[in-house]
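Below are the structure tokens for one structure; questions will follow.
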Amino acid sequence: MTVTRIAVDLGVLPVALDLGGTFVFALSGAAAAVKHRLDVFGALVLSLVAASSGGIARDVLIGAVPPAALEDWRYLAVSLLAGTIVLHWHSALERLRNPVQLFDGVGLALFAVSGAHKALAFHLGPLPAALLGMLSGIGGGMVRDLLVAKIPTVLRAEIYAVAALAGAAVVVIGNALGVPSAVATTAGALLCFGLRFMALRRAWRLPVAGEQEPSADAAKTHWKA
Amino acid sequence: MTVTRIAVDLGVLPVALDLGGTFVFALSGAAAAVKHRLDVFGALVLSLVAASSGGIARDVLIGAVPPAALEDWRYLAVSLLAGTIVLHWHSALERLRNPVQLFDGVGLALFAVSGAHKALAFHLGPLPAALLGMLSGIGGGMVRDLLVAKIPTVLRAEIYAVAALAGAAVVVIGNALGVPSAVATTAGALLCFGLRFMALRRAWRLPVAGEQEPSADAAKTHWKA
Amino acid sequence: MTVTRIAVDLGVLPVALDLGGTFVFALSGAAAAVKHRLDVFGALVLSLVAASSGGIARDVLIGAVPPAALEDWRYLAVSLLAGTIVLHWHSALERLRNPVQLFDGVGLALFAVSGAHKALAFHLGPLPAALLGMLSGIGGGMVRDLLVAKIPTVLRAEIYAVAALAGAAVVVIGNALGVPSAVATTAGALLCFGLRFMALRRAWRLPVAGEQEPSADAAKTHWKA
């Protein structure tokens, strides 16, 4: 295990992104707990779970066990800090239009790029690395929503898994082209967050599965009526 | 990792079964998405998750990371193909009595036997191999149902986990007796699908947990009334 | 794999605790199935899942694959035995005030200490070992509740994850101080179960996340009205 760890030097950047993603996902978990009126411990557990599920899934899938979120105390500290902040200043947070979705979008972007980075550092190919980035991004929110018995945002949302995949793909492609890591990472995170943010603000919608586009016939019927 | 892969030559059969199971579980996921009126991306995500969860769980549990469903592009391609088919021809599918359950039954059978095969190839004993076959079979449908906030079929259904276990057991026993792999696999898959199909068509029911069989007393009361 | 197993001699104690936890979590799963009117197979599947999820998650996270719950036939036997007991004597069980919660509390305590033990045996540090103990404890109940589409106890309950963490911490601290294993284990399990039991019986409640304590102002308003 020590050998693996020496061989895979992740560098400062992915860990910083990972901790940042952990922080904002923990904010989103605690904000969801306030919304569902959980008690204080329930809120801390939910923020911890939302913050660490994506990263733990990623680490298990690439064989990096025990996962960083369990082994490195900073992940726990950052989660508890975020949970405490929400519980103390929730009234300020409520002035934001939709705090769960906002933090969720930032976390999605940070985890998508850090997940792709870590997968590349573990010598995965381009496709698995991009998929793992996507999975790290969507994992935390998926488990958070499942635990409060809600159909996860990733299934309901306009642009979500696709935004994470796009952000992770930028990191993977940048790596293949030899673009400096910091540049590709910033571009990937901005693309992911930008897509998600625009989808939320402009209420971009995709056709519902199994429904026809409003056809000429439907338009005519509408006109006559 | 390369060493493991050379040592564990799965052969063509289990991979073909795996891809077949992936395809039909993706069909079931997309059909469930149409039923729950998810949008197009949500439907593709749900079909991807339904198609890959069982196999990913199996691979993580036997230590075959990164899992085939992430590493091999054909799994992704087959899932997206199945999702696209459902989204385009869903009205034809609706003529089937219950497309989610039908595809689910075929996927259950294919994953149960391919899971047992892969576990044996990784030198697991007979009991863990049969359990892993069962788990690969039931995993995808379980996660699909959880994500649309439904109590999973595996808990509600007449004969489901037991059918998967029976199919996987045939592969394990066939392997122990030296029966040719293709024969045991076909027999196992047919047994699993047959059991599940009969349970659905004939509405086989088991007594509800904690209820008495209609007793002599109950019959008498009924008679008098 | 064989090498790992020789190097990590778990001893009799953790395995006994693990089997005990498996037994009572299986009881809680089958009791939940009776409550939700699942059929007999559904009840056995739910008791199996509740009994093994926490331990499987723990084993995957420390890299001990295939997990003990799949490889060792005693786990399966103990789960099925517990399920069968509940299905046959459920009317006796119903005289208990809340059988699901009672068995759940015992399982929480047993898995929290056995999880911490196993993590230490795999040379994890104190923090990851305590977190893994907590996770083993809460995992089974979390998955059980998710499968019957209920917000998990761990989010709703007064003292739950904290009780598991406290029990696991006693084992980790005891190990660091050189306290005999059996003493630290017993103390940890009793602390965890005691905390959980008192929280249930005395209906200990924590403030709901995001609500103010009844303030002086609120009291005045109340007084005037």
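Some notes on this structure:
Order of writing sets the labels: A, B and C. Residues in every chain begin at 1.
The definition used in the following text is that a residue touches a chain if its C-beta (ideal position, glycine included) is under 8 Å from a C-beta of that chain, and two chains touch if they have at least 3 such contacts.
All figures in this text were calculated on a predicted structure; none of them were measured in a lab.
Apart from chain B, the touch network of the chains stays a single piece. Rotation relating chain B to chain C, from a C-alpha superposition: 120°, rounded in steps of 5.
The mean-CA centres of chain A and chain B are about 28 angstrom from one another, to the nearest whole unit. Residues of chain C found to touch two or more other chains are 60, 63, 146, 149.
On the side of chain A, the complex with chain C involves touching residues 30, 33-34, 36-43, 45-46, 56, 60, 63, 65-67, 70-71, 73, 76, 86-87, 90, 146-149. Listed in rising order, the residues of chain B touching chain C in the complex are 60-63, 119, 124-125, 127-128, 131-132, 135, 138, 142, 146, 149-152, 154-162, 205-211.
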